[in-house]
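In the two complexes that follow, subunit A is the common piece, with subunit B as its partner first and subunit C second.
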Partner chain A sequence: MDQKDIDTIINIFSHIMGIPKNELNDSIAYNSHPAWDSLKHLQLISELETEFDIEFDMDDIIAMENFGLIRELTAKYL
Partner chain B sequence: MNFANYLLSRANNNSHPLIFSGVEQVSHNESYLIVNRLATSLVEKIGMGKTVLLLADNTTFFIVTYLAIIRSGNIVVPIDPKSPEKDILYFADICDFAIIFTQDKYSIKIHSMIPGIDIVTEKNYRSLSKEVSLLPETSDEDLAAIIFTSGSTGEKKGVMLSHGNLIENTASILEYLDLKATDRVCVVLPFFYCYGLSLLHTHIKAGGSVVLSNHPFIGGALRDIDKYECTGFAGVPSTFQILIARTKFLTEKLPTLRYFTQAGGKLPNKFIRMIAEAFPDKKFIVMYGATEATARMSYLPAEMCLSKIGSIGTGIPGVKLKVVTEGRDVQPGEVGEIIAAGKNIMQGYYMDPQGTDEVLVDGWYHTGDLGTVDEDGFIYVVGRSKNIIKCGGFRVSPYEIEGEICKIPEVEDVAVVGREDNILGEAIIAFIKSSTSDPAALQKTVQEFCRRMFPSHKIPQEIHILKELPLTSSSKVDREKLRCMVE
Partner chain C sequence: MDVKIGVDNVAISRFGANLLFHSTFLNRCFTSKEQEYCLSKTDPSPHFAARFAAKEAVIKALSGFDLILEHNKIEITNDARGRPSVHYLTDEPSYSHLHTDVSLSHSETSAIAVVVVYR
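This part shows the complex of A and B:
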């Protein structure tokens, strides 16, 4: 995964969750950030899959509980 | 009788687990002790008959504080933690909360919105516990809960439920689902929603267990069903549609599972068939309800799931359900409004006698849903007389979304409609009238505005910018034509 891919993930995540890019960090998590709910999670997964032309395994989608894990688990497919 | 007392009547000294929440496990007996101690301190602190805000995710904290508020003779108001600020301010304004229970992560936000009221969080609620003294009795008619739901014009309606309403509906659901102490339900539905609450009520009363499945992705529930050996799973249409579209749900074994229940809107027949055929050894029970009826009004027995596919069944024990038109019952095939009577029907809308009179007429609750019956008396929902979209299991008023979007300067008019969606049940589509020279920029502005203003289930999935909105002959926006444009 190169810097361009990382930037793409940041852009998609920031756009869907409504969190400014400069406020993003790896510890932003599903169970602590009010904007992150299951519908937004689904939308995030769909956009990442479309953008990178990949299909996540279910267990990876479940495990993406914070922004750091989203970057790490997406990298497995690139 | 007090509803919490009714639920916990066999909890004392019962070491069977009631709550599974991650690594935490809480027994019926532990819950019973915490609830009674907390209720005692609440009575000392605020007395009884007061409204208490409960704003929390599905957690042990929610369950024990919910029960303690009811046990103390106060009125619990559970609300969606992701409610927009204007809604929370409205709830606080009309309810005049005596105290607030919330999680630490929400407490700063809530304190800044509603200053001057004591806030109890999951960090300090146990320190409030007092040795149990004599707790007040309540009558069946006393209010136990106010649950807010969206009205058809976007306003919030506070459904007032008495101890008697809650006891009646819980007993009825227990009877037709035949729940026992060995039952364990995997919960993905929020407890601020009447369907989620009904799962909690029935499993406490049955002596069973609730598994709080809090994952960012609903597929996590499939893992939890196996891990915790659940016997039941409940969902709204989008729950099942997401599982079918995004997981290997239909090829899972789920060996411990005995039944699925589905309510909260119409799951298209093709999906009911897929599930029934994929799990021939499990029951799939379609149900119908409303917050105004505490939760449940009808169910279709699992053995008729395919022979009466598309039906919501008949009234549950203790509920009379019928379809009427022009003051008489409809003939088979004829369309009318679905109405219900029973001890589960609400006391009315909080501080809204006019709204109450519109839906409670001569002891019957008028659902606003259009239905028909077949020759055997089974009821089918065919539409809604009220303009409501059901997105992700939530009732969404198009007027509420339109009212907010209209505040954007470049928007001249807006109409919001629902469209059948394989994932969400119904998707929200917004049509905007604007003479802007840059429709793409306006589309983005509206999208970002909605993300800021609304919880996820109210954000339009599609935004279309038009020079003109189609009108009917009476010069109203032609919503039918708009629906056809996106079908």
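This part shows the complex of A and C:
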């Protein structure tokens, strides 16, 4: 995964969650950040799948519990 | 008898055009039959929202049995009288013994679903 891919993930995550890019960090987590609920999670997954033309496994979707894991698990598919 | 319940509500406004035209999102969340049903309505948003709430409620109830299923493997249909029902689109034997009841409602702004799963 190159820097362009990382920037794409950051842009998508920031846009969907409504969190400014300069406030993102790996510990922002599902169910602990108020903006990140189940619907937003599926929006995020769908947007990443569309952008990178990939399809996540269910286990990985469940494991994407924080922003760091979003980046790490998306990298598996690139 | 082992009984589990689930409940969820969602703001209808969240199912706006940005999602209704996002085919990857729709296919990840809804079956083709559900999409056809909702998109046949003048305003699809409350129908998608109610189905999404139902799926979330089902997922919460299933977690009580340590079961998990993707949104698009849980299908919500309506019979001729409008009564909703839940169908599990999987061959896994764990689901064949489940009985599931669902009730849906929505106001102008939000949709809610209550689900009971028992075996």
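Basically, the second predicted complex is superposed on the first by the 78 of 78 C-alpha atoms of A that agree within 3 Å, B and C clash if a C-alpha of one lies under 4 Å from a C-alpha of the other, contacts with A are read in each partner's own complex, and residues count from 1 in each chain.
By definition in this document, a residue touches a chain if its C-beta (ideal position, glycine included) is under 8 Å from a C-beta of that chain, and two chains touch if they have at least 3 such contacts.
Since the structure is predicted, the reported quantities are computational estimates derived from the model, not experimental observations.
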item: Partner chain in contact with A:Ile62 - subunit B first, subunit C second, else both or neither; value: both
item: A:Tyr30 touches, of subunit B and subunit C: first, second, both or neither?; value: first
item: Contacts of A:Asp5 with subunit B and subunit C, given as first, second, both or neither; value: neither
item: Which partner reaches more residues of subunit A (counting touched residues only), subunit B or subunit C; value: B
item: Touched partner set for A:His41, first subunit B, second subunit C, both or neither; value: first
item: Partner chain(s) touched by A:Gly18 [first = subunit B, second = subunit C, both, neither]; value: first
item: Contacts of A:Glu72 with subunit B and subunit C, given as first, second, both or neither; value: neither
item: Subunit B/subunit C common contact set on subunit A; value: 38-39, 42, 45, 58, 62
item: Interfacial residue positions of subunit C with respect to subunit A in the complex; value: 10, 14, 19, 22, 24-25, 28-29, 52, 56, 68, 70-71
item: Subunit C contact footprint on subunit A (complex, rising order); value: 38-39, 42-43, 45-47, 49-50, 58, 62
item: Residues of subunit A defined as touching subunit B within the complex; value: 18, 30-32, 34, 36-42, 45, 58-59, 61-62, 64-65
item: Footprint of subunit A on subunit B - complex, ascending; value: 57, 81-82, 105-106, 109, 214-220, 222-223, 242, 246-248, 392, 423-424, 448, 451-452, 455-457
